[in-house]
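What follows is a pair of complexes built around chain A, which joins chain B in one and chain C in the other.
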Partner chain A sequence: MIDLRNLSRRGFLNLGVAAGAGLMMPGGLIRPALAAAKPLAPVAEKDAVIAFGHTGPVTDEGWTWSHDQGMKAVQQAFPKLKTIFVESIPYSADASRTFRQFVSEGANMVFATSNYGDFLYDVAKRSPNVAFFECDGRHPMDNLGTYYVAHWYPTYVTGIAAGLMSKTGKLGYVASFPVPSVYSGTNAFLMGARSVNPNATLQAIAINSWFDPQAATQAGTALLDNGCDLLFGIMDEAGYLQVAEKRGAKAVMWNTDIRRYGPKGYISSIVVDFKKFYVEQVRQRLAGTWVPSTPILAMGAGVDRDAWGETVPEEVRKQADAARDKILGGWSPFTGEIKDSKGAVRVAAGKTMTEEELYNWNWSIEGVKGL
Partner chain B sequence: MDLITGLLQTSLLAGGVLALAALGEVLAERVGVVNLGVEGLMSLGAITAIATVVAHPNPALGFALALGVGLFAGMIFAVATVYIRANQVLCGLALTLMGTGLSATIGKAYSGMPAPATFAPVAVPYLSKIPVIGPAVFSQNVLIYLIYIILPLALHYLMFRTRHGLNLRAVGEDPAAADAAGIPVQRIRFWYVAAGSALASGAGAYLTLAFVPSWSEGVIAGRGWIAVALVIFGGYRPLNAVMVALLFGLITSLGFVGQARNWPIAAPILSMLPYLGTIALIIVPVLAWHKMRRLMAAPASLGLPYFRDVR
Partner chain C sequence: MSGRIQRLPSAHPTVALLARAAAILLALLTAGVILAANGADPLKLVAQVVKSTFGSRFGLEDVGLLVTPLILTGLSVAVGLRIGAWNIGAEGQFYAGAFAATGVALFVPAPDFVLLPLAFVAGGLGGMAWILVPTLARAYADVSELITTLLLNFVAVLLVYYVSTGPWLDPDGHALATTARLPCELPEFWGAVHWGFPLAVLLTVLVAAGLSFTRWGYEVRVSGSNPQAARYAGMPFRRHLILVMLLSGAIAGIAGMFEVVGTVHRLQGGISNNFGYLGIMVAVLARGSALGVLAGAALMGIILNSGIILQTQGLNVSTVLAITGLILFFTAIGDELSHYRFVRNETASV
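After this line comes the complex of A and B, so read on.
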């Protein structure tokens, strides 16, 4: 009954949510329209407490680091309010305890920068006067919004560069778990690559972790040993970039600019930036106009490709950026006909996938192997 | 050819972390002390190595300092468990918590920095020309030779071929009898536990200097616990412990290669392989042959503090 493929990016360990997520499956209203919730009362800046709960250490140079930059931007924009954060919160009852602690410390707004599911909902239900936001969440409530990034667009753009730069046409992907973020990553990347090299394929290896430098290194090595010459993945660290650099291969990364780990191998990165989003949400909360919303931050407004690596040829940059401009202009590359890995047509010709479908993508396109 | 060479090469690299840590644990457990601080010691070693090479880009110095830090931390642990005779399990867990916490705190300044100097591969003349095995086994960094050849052979000789080795095994089997025979039980326990801790810390240094060349919090990712388990599977013997670690590395790599080559086995099954393989290859023979059970048995006084006055 539990469909593991529909667990969200971080919430994999949280099987408690799995049942709920499984029931919310295809066709149904995945993000039910919020009832017109009343805005929470305004808060004076000097009295406000804004809390952040992170899944990893803020020094990870990746996912959590990006969110921490967002918190620092909030502090800078509203110097009189107080920000508090806890890092490396496990997906367990300890998470509830941490969020409850935030509330008892007087937090007016709590951001969970990963999917904590039920551990967060319990606390949110009991604290109706506190605003909650859950990254990659799937169950908005009267005082709880969800947010995520449309990473599939910049992934498609870097996929074009990958397709042009790979000599063998075999791309490698270091995956964490078979979850929607991974499916949309592998699929968008290969679709980008196939738009310039129709014979490109993508081989994925799941290492069952978001953060395990040793396993990611081994996975990257195994992929390169078996014919891939370009790596992509969804890791919170730079392990496979260092492998690519050493072996003279190329890599596309996630979260932040980490080209210093492998300046020659670095093509680009799917960089996330939550600064504007956090500042705006906090501003609304202080002004007393905040109501929960469920945004997926678009390319150019929270997620984008990083500046191209030094070894990316001018011609490649131009071609990839042309697609980026088209997407920014409203074009969607995720338009049928799209077949799944078994050859069945999943998106009919001419039909464009909705943001909802992209957010919950749970099948592999033709050419993706290993998921 | 390439497949086997590549597989063997990564297996050696991946297994090296476990092998060195397991060797350290063999030392401690052979004299009767369970050291559950391996995970913490490895973290300390990993950050010490990175901090050293950032200040002074010499990997050998980084490795040496990591050994020193491990030795020091091990001495603290040994004072608590051998002389004060505190509970070994609790002290070990405390050492793990302290090690991971301390390294995370120190590591804040070093995260996001690629290691400026690492151990480069050294090709052994003639041997590295052997087809298939040569490039995989004899073109590795110096630590690999140390971990797989020099250390285990030296430790095996020391433990099973010298009088001193007999003494140290006696300390782990029956400290009262060893004491009666005039062997300085506590001194031997103290130094072997400290030396074992140094090796565990060295395993962390190996990780950041030769395998994953950068520091990030949680980089050890539970390998310390696996090393402790491998010692049991390896029958508390240095050669066996290294073989088991290599086997573990090999099966782990096989899992990744299997996924990369798209073998028709589900990925979760491939991820389970190292554990299933260890069970199949180590535990089954022990269950099947009675003699193996005795050979692979733990030292009789493992985990028990020694009180001379109540013997």
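After this line comes the complex of A and C, so read on.
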């Protein structure tokens, strides 16, 4: 596993396949809380309970479905352990109740597949013998790690395709909340598009949900009505792809291959795969070697672009994939000069953003509106 | 034997209670049969729910935390009903109260013993402010408060999303889409259950007593059951309406204050957990009685908590929602049926 705080970007990318490295890497950036963490005692496979708490339904064919595939991979690798899960957990005190219920049912390891913040930490603090993992989290503790995917790289790649395929140069983005994963998504996408069309702009609409097909459809429609001809977003379902298909526009999606909802409009998707990660973490937990870590799965090792859609021209595929190869070779597109939406220089010329800066990106680049 | 079925204006309390118990039992039975048909073991599930809810301190604490806002939003709606006003906006007033309390907690530099009462007052005023326009519109222009209070809910949610992801966003970035953690919190009353719980019960008892034993309460009840009669008797209907609706808003606002200062500690978009809408159900279960709200909220809290337990047992969220709906559905039927009685014809027909 890769740890973002221990590695240079180059090392990070090259280590994409070296699973298991994790916190063993020497480095000065480990937070004190993690450095002091001792491994939790081993658990026999037949006694182990692994719990998953999801933000959406496991049938969403998107984010939650992908994590559920991860849980199924765990079941396959360790058929004797018990898995439990709860779907559609709201971002309210109900989340604490759910995680607490996991603990009281004997869970040895709890994965929260979305950022539940204090709702999770309150429970983790009171359950020191349970291992917790928070997806998209930013607050590691003695018994709580964080994990995520470096989606900004494949997003940049699909952004190039978008820049080449959009006729108006106006891109639309269906956002959930103004949070770092959304900023890194909008910014990386527009930077990819601007690398081939410097006049491209991006308009975002936030719908305050990760899974709300109706609101996503309305937002997609509004964006197209405002002159956008290509949609991107960070939704857990296919709503705005169907809008794009109906209106003859194009769309880049997230999570899984959902081209059947709009084969003509589909450009690609930021596909995620957590199977290896979950199996490895559970293996460590059972073996008694688990300590919290803060991995971000690299492009090619947990996140990538999907196979191109049928209407993406050969020339576009070639140009975008050339950038993908360059990134896999160690190049970073997130190199200055980068200005924010107010025109101030935020990344100086020649300077490359670190993985931690990309993960915590909380400002819009020039050309992004609506966040 | 001949007879007829007669509808009573109000059900006999014992009959109503029996009808309710029968309804819940019937709903659980129906759910059990459906679950068994789908291969689950309903008895094992029930045992698990009972064990997790009542068999552990954690379970009881969870119910306590869940019941606190339900008591208050239920009371908010029930109070409105007493004067014939449907406050569908407890959800929005909850958000407004949480918003105002957060503003005070985050920006007023004061010690806890000053800050907490201040946040409490701010929460009440926030809820009151949110129902002010619908109240005046109803009192002076006869605009249906059902629509206006409902629509303002959406404004309140968006307002909270805006401040918690915009100007009040947590500057240290540890938590996404929320404000910073509040510097003060309600002290703990029993384990994780904070003082909001006893205060909510106390407030309910006070409101119930006010409605039952004071002249004001009497006039409110008369105004609610027959506004014309109230006006004819010289009661200030409009003044009562305005006061009761503002009180209803304030109570929902206090629920929001308790939730943010006592339970969640950060203002964020999802904070209400639909407590405002669930309050309508609590008030309906309570049949509009202020004290009945306590029982209604307890029942609702146990049902919601059981829902979480059932989900960890492998039932999906839709099944759990369906069972919740089934219980309320049967309860509503039971309530209506308890108003009827069979009267035997004593005298032979001529």
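Criterion: the second predicted complex is superposed on the first by the 338 of 371 C-alpha atoms of A that agree within 3 Å, B and C clash if a C-alpha of one lies under 4 Å from a C-alpha of the other, contacts with A are read in each partner's own complex, and residues count from 1 in each chain.
Quick note on the criterion: a residue touches a chain if its C-beta (ideal position, glycine included) is under 8 Å from a C-beta of that chain, and two chains touch if they have at least 3 such contacts.
Remember, predicted model here, so these are calculated numbers, not experimental data.
Superposition of the two structures on chain A shows chain C clashing with chain B. Within the superposed three-chain model, A:93 lies in touch with chain C and out of touch with chain B [touch as defined at top]. Contacts of A:357 after superposition on the shared chain: neither chain B nor chain C is touched.
By the document's definition of touching, both partners, chain B and chain C, reach A:208.
Of the two partner chains, neither chain B nor chain C is touched by A:366.
Contact with neither chain B nor chain C is seen for A:304 once the two complexes are overlaid on the shared chain. By the touch criterion defined above, A:57 reaches both chain B and chain C.
When the two structures are aligned on the shared chain, A:136 is found in touch with chain C, with no touch to chain B. In the superposed model, A:84 makes contact with chain C only, not with chain B. Judged by the touch definition given at the top, the superposed model places A:104 against chain C, while chain B stays out of reach.
Of the residues of chain A, those at positions 57, 88, 178, 206, 208 touch chain B in one of the two structures and chain C in the other. Listing the residues of chain A that touch chain B in their complex gives 56-57, 59-61, 65, 88, 172, 178, 203-209, 211-215, 217-219, 221-223, 225-226, 228, 237-239, 242, 258, 260-261, 369-371.
On chain C, the positions that touch chain A within their shared complex are 52, 56, 58-59, 62, 65-66, 157-158, 161, 165-166, 173-178, 181, 259, 263-266, 268-273, 304-305, 308-309, 311-314, 316-317.
The residues of chain A lying in touch with chain C in their complex are 51, 57, 84, 86-88, 90-94, 97-98, 100-102, 104-105, 115, 117-119, 136, 138-139, 177-180, 206, 208, 360, 362. Taken together, the chain B residues at the contact with chain A in this complex read 2-3, 6-7, 10, 14, 17, 104, 107-108, 111-112, 114, 207, 211-214, 216-219, 221, 223, 252-253, 256-257, 259-262, 267-268, 271.
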